[in-house]
Amino acid sequence: MHTAKTTSTFFLETRKDTERICAPLKVEDFVVQPIVDVSPPKWHLGHTTWFFEEFILKAFLPDYRLFDTDFAFVFNSYYESVGKRVIRANRGNLTRPSVQRVYDYRKYVDMHMERLLDMNIDNETELFKLLEIGIHHEKQHQELLITDIKYILGNNPLFPTYSEGFEENPLESTSQDWTIVTEGIYEIGHAGSDFCYDNELGKHKVYLHEFQISNKLVTNTEFLAFVEEGGYERFDLWHAEGWDWVNQNAIVAPEYWHKIDGEWHQYTLKGLSKLNLSAPVAHISYYEAFAYAQWKGMRLPTEFEWEIAQVHFDWGSRWEWTESAYLPYPGYEKADGALGEYNGKFMVNQKVLRGGSVATPNNHTRPTYRNFFHPQLRWQFTGLRLAK
Amino acid sequence: MHTAKTTSTFFLETRKDTERICAPLKVEDFVVQPIVDVSPPKWHLGHTTWFFEEFILKAFLPDYRLFDTDFAFVFNSYYESVGKRVIRANRGNLTRPSVQRVYDYRKYVDMHMERLLDMNIDNETELFKLLEIGIHHEKQHQELLITDIKYILGNNPLFPTYSEGFEENPLESTSQDWTIVTEGIYEIGHAGSDFCYDNELGKHKVYLHEFQISNKLVTNTEFLAFVEEGGYERFDLWHAEGWDWVNQNAIVAPEYWHKIDGEWHQYTLKGLSKLNLSAPVAHISYYEAFAYAQWKGMRLPTEFEWEIAQVHFDWGSRWEWTESAYLPYPGYEKADGALGEYNGKFMVNQKVLRGGSVATPNNHTRPTYRNFFHPQLRWQFTGLRLAK
Amino acid sequence: MHTAKTTSTFFLETRKDTERICAPLKVEDFVVQPIVDVSPPKWHLGHTTWFFEEFILKAFLPDYRLFDTDFAFVFNSYYESVGKRVIRANRGNLTRPSVQRVYDYRKYVDMHMERLLDMNIDNETELFKLLEIGIHHEKQHQELLITDIKYILGNNPLFPTYSEGFEENPLESTSQDWTIVTEGIYEIGHAGSDFCYDNELGKHKVYLHEFQISNKLVTNTEFLAFVEEGGYERFDLWHAEGWDWVNQNAIVAPEYWHKIDGEWHQYTLKGLSKLNLSAPVAHISYYEAFAYAQWKGMRLPTEFEWEIAQVHFDWGSRWEWTESAYLPYPGYEKADGALGEYNGKFMVNQKVLRGGSVATPNNHTRPTYRNFFHPQLRWQFTGLRLAK
Amino acid sequence: MHTAKTTSTFFLETRKDTERICAPLKVEDFVVQPIVDVSPPKWHLGHTTWFFEEFILKAFLPDYRLFDTDFAFVFNSYYESVGKRVIRANRGNLTRPSVQRVYDYRKYVDMHMERLLDMNIDNETELFKLLEIGIHHEKQHQELLITDIKYILGNNPLFPTYSEGFEENPLESTSQDWTIVTEGIYEIGHAGSDFCYDNELGKHKVYLHEFQISNKLVTNTEFLAFVEEGGYERFDLWHAEGWDWVNQNAIVAPEYWHKIDGEWHQYTLKGLSKLNLSAPVAHISYYEAFAYAQWKGMRLPTEFEWEIAQVHFDWGSRWEWTESAYLPYPGYEKADGALGEYNGKFMVNQKVLRGGSVATPNNHTRPTYRNFFHPQLRWQFTGLRLAK
């Protein structure tokens, strides 16, 4: 990313990838927001574009004119420092701007971005840093696009197919093995000059006690045993809040599982099919991951254990719930201004997930990447790995 | 409607009118449900079609095959006796079937209906009665389509125009006059062989005491005085429930009124413009209508007073809130089966509105027509006429 | 009530009756508010007292000094025009003032009232009218005290007895008979100089069509048949709102009915016992009354039918739901000032009940008395009588 | 606690302390539950007693007969494994059993406990361990009693005094100093044979980076500056969830602060008085503690930093929010059976507090003690100490 050429290429490819993800959709699919966590695909398209306009073009491209002055209002997400936002729950009621107009917006911003990127950008500059964040921000939204599309289609009684080509269930064919990591001081966090988020910074030492960690993700076969043997009915396996969540929402299986005529099915982006037994379990909450581990007499790894042990196993098909709460590393400091709202303000009541998933864009995640969600959420491709 | 020819024509024209109403929409506009009372236009298109399929084609057209067996599930509204319905609040999350497919559904059903209507239908038969209800049912949904479209566009921060040709603000140019109706016995309810709903039947006598009723609807000028003179801040003008509603929802003016830079504007289907002072006030709740009347030292008419007096004034641009609760007439009996769910089961906690509005299709309303809504609702073209 | 003597006696007896009702309670029972509709007995004791202090002593007794200046804040109910009220839902959290102090308050106010009543009060004066209202207001609260005490004790898992002497289940021993009332003009409303509420005034004519009305209230035996034959599971018997209410609250029987080891029991103020089959059914909502009538192929009477027919049957053990909405009579006008808030502002979304109940104080009700509650409420002694 | 004598004394003194705390209350104060977190004092009295009956007397005292078989139902708290509990939110509606009867219950159980404690109890036995837990459990409820009483009285508009003798505002007279702790490996957790909870066990190593920690708690003077300088209006100081909490609850100052005629007051157990400026701030949420630290450009300590540094400062007047989430220590295992529900099932979405407060009973806390609450809660005596 050192020359104008490569930076520009990286930018444009990322932008095209986003549109490639949306290609199989019908216009109607772009509009709705069935739950507060799922944004309309149209909004993702506009919001990622607005990010470049707001933080880069407005500041760095001389004489840049906004595509539409109302769009800041419509496509801001949670940046309280940048004008009044649309209340999140209402995103799914906005039928305008139309999908076509959002694509026009993308085209307009891309054109101006190309003009800007034609100049050489020194990778020490603020512009370069913002550009990097903007691109990675869009990659994050690519993953959300896939999971949000899955939610929109998977909760439709017609169970439409997104794409026959999207394989979300890689086999977990390895045989069960346990890696032993010995007690001692280890280093955690990101080092080097590659891009990372601020929450990975502050490379620091932690003391780990000896532990064992599985080389495999828990599979549907294994999780099905938990379901069938009454795991969702035994309060002693659950956190108090998890148990309330199970009962208030009548949870009896992972998201997208359906028992039809006595047989378990699952909705995937290919449509409705029989449960794929050898695939790693997906779409479970932290509460379910924890209860499963309790049932096995084991536990989830901490994020530090995961980071140290990850050289010993394959990962990347499921985001893996850890036992760790999402908290700042020693010496963590929020960036100034609007970008300071990116990570730090979420550091309460969330759990860290490590790894990556079938929906994660290429080269987007890394061993130090800290994903985080509230413990009850299931619409991401979330799974678990046992430790003891 | 005595010959196959005219019945068929009436049916097809109604069907075309529905599609004409939707012509100015973009695909995106068909999908959303911003509040529970507002249905997606796509749903109206499908639901009215399903009505003909479910109650007529399935029963009367030999060898009729359903267009899509899943559609009963998607397009049933509240007919509990006809299979499991989609929970109403979720209609706005269904991106499929697509708009195009719903139009295909309409075409398919219309084609089969035409085939059925080619036969002569005696107007004493059940088929004829169902057909009449189906057509009037669709006309009701035409009005809802217009008000729902207004809500969808009017709550979008971009305030899009629906149609420059839709005039919703006729002038109230008549000078103020009061009709006196003398005390005595009057006849209420529908008579004759023309179509009416079951809730209008049971022609019966009522005793009315002398009253006066205005020849004009209350105008925006008049209602603005109430707004400006603190009507929304004087609890003594309101019902206890109305006062709670005002405070919990921070109501300060009719729906679609916006004070911009110190000047009152209103959203109409033509877009945002300055408040049209000479037009009759629209989009007020019963609570507001009542409070306004209190403020004037007058009251709303009862539905009986309205029905008797209506020969003396023009009506039809606003549904007029009355003081009457929506209750059965003497001798009212629900029809058997699913159609029995049409009216009777709503006869609690709702208020009767009389008249018609700029959104009401031609020939759909009549002097005995009893419209009804919950007292807090405002998304219809609702106004008021004073009595004393 | 023409001499100081009788007025004073009437006042003091009413005040003593209130305390007699509370005599069986423990201090703890005076404090809680298990649902918003049920007020703490302590609050009733204080509120009725505050009414005399606020509207009579402050205005008419020279040099009267308030017992405690904070009490207006604590014991005002809904009189928005008289200072800031305590939010109703919070009444049950106020442990102070103590019960003892509230009794001291009563004593203090009674003493001053006696002093005032020693003067002759002309029954045309405003003072006389306020006094009458104050006394009847307290009688209304006597009935609420009994029903609220029943709710507090009856929802305690220990099912404590209030009093072995309180008989709430008179037998309905009469045999079934139907009174026929012929079509014609009838007079409705209160006449004469006796006390009545403003909502009964405006004697006026109504036109009634011929109807029949039962001489008996529906009994527990009859209502049990509805329960056992699936009345709560047949949506076609219910209003749409009633059906939602049944399902959201999992209603399967009248309030205070408990099926224990396969046998129906009921909680009465004597404690828990087997269901008294020959007693009139009590503690049903309007929705249940309506559904029962539908199930029998009959209906509820209107409040006018009830008022005209009541000379032909016994009434007074249950408040009888009518089909009528609670609306103003022709010519109804709210009183000025705070007392104007007494009745008129509740005239929306409520149903009229006629008659009286085992909890109604002697001489408090009359044939023209219009009680009113929201259709879902059941904690009063509510029952039904059929018409057809 | 090695002889029957001392164990028995420890038990009885703890039991008496509980009743001493309740001595200033009126009967009414024992009954209510103004928010879900605050239990009625009567319930605390009964619940702590039930604990001894359920887990000790039933199991270890031959021929013990329950005082009242309904009490398990009323006084169980959250032990799902021991019968159906009363829904927590409803505790405040139970006027029976009466306060007197609960005291009788305590007397009955104490008498039987004394009989049991007259035997020598080996401190290796399960009985001894249960007894220890039961006593410490009661001490925890003593602290809750004080904070719950404060909430009940402090939210009463009459602001009653609990006790003139309860001093909750010790002066923070020390001058500001910062302790530096150097980087390295430290040991965390409880060692030795003294009583501790299971969540303190698993003595283990942690690696700490160099940090500084204040020798003083933040005072009211300091926190007032944050209030006055707009700390509650600057979103950039808050977690996203904290900001939502501030806005949804209209938070402008710590709990129990009242601005009266332009001057800040606070409610303490002595009644309402002017804000004590030199006292450590109390009754703040974690969100407020965090925002204050952000405003100062510092942070909260982790629970490990606190535990290592605590030898260098005084603590014990306020529970101190830490940055640490409440999570299991390495090797943590829940106890079997009902007591296993004591701590582990709360290890999600809560924050650790260290130290102790003016409401904590003597000898109840210790340097390794891990208190925990949800981040929004304020009714405990919670404060903060800065780190950097």
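General remarks:
Order as written gives the chain letters A, B, C and D; numbering starts at 1 within each chain.
Going forward, contacts are C-beta pairs under 8 Å (C-beta built on N, C-alpha and C of every residue); 3 or more make two chains touch, one makes a residue touch a chain.
Just so it is clear, the structure is predicted and the values come from calculations on it, not from any experiment.
Repeating the C-D interface, with the same residue numbers in over half of the contact pairs, is the pair A-B out of B-C, A-D or A-B. Averaged C-alpha coordinates put the centre of chain A at 58 Å from the centre of chain C. Averaged Cα coordinates give chain B a centre that lies 37 Å from the centre of chain C. Centre-to-centre separation of chain A and chain B, using mean CA positions: 45 Å.
Counting only residues that touch two or more partner chains, chain A has none. Per the contact rule defined earlier, chains pair up in contact as A-B, A-D, B-C, C-D. Only residues 78, 80-81, 185, 204-207, 209, 211, 235-236, 238-243, 286-287, 290, 299, 323-325, 327-328, 330-331, 340-341, 345-349, 351, 375 of chain A touch chain D when the two sit together in their complex.
Those residues of chain C lying in contact with chain D across their complex are 26-34, 42, 70, 73-74, 86, 90, 92-99, 152-153, 155-158, 160.
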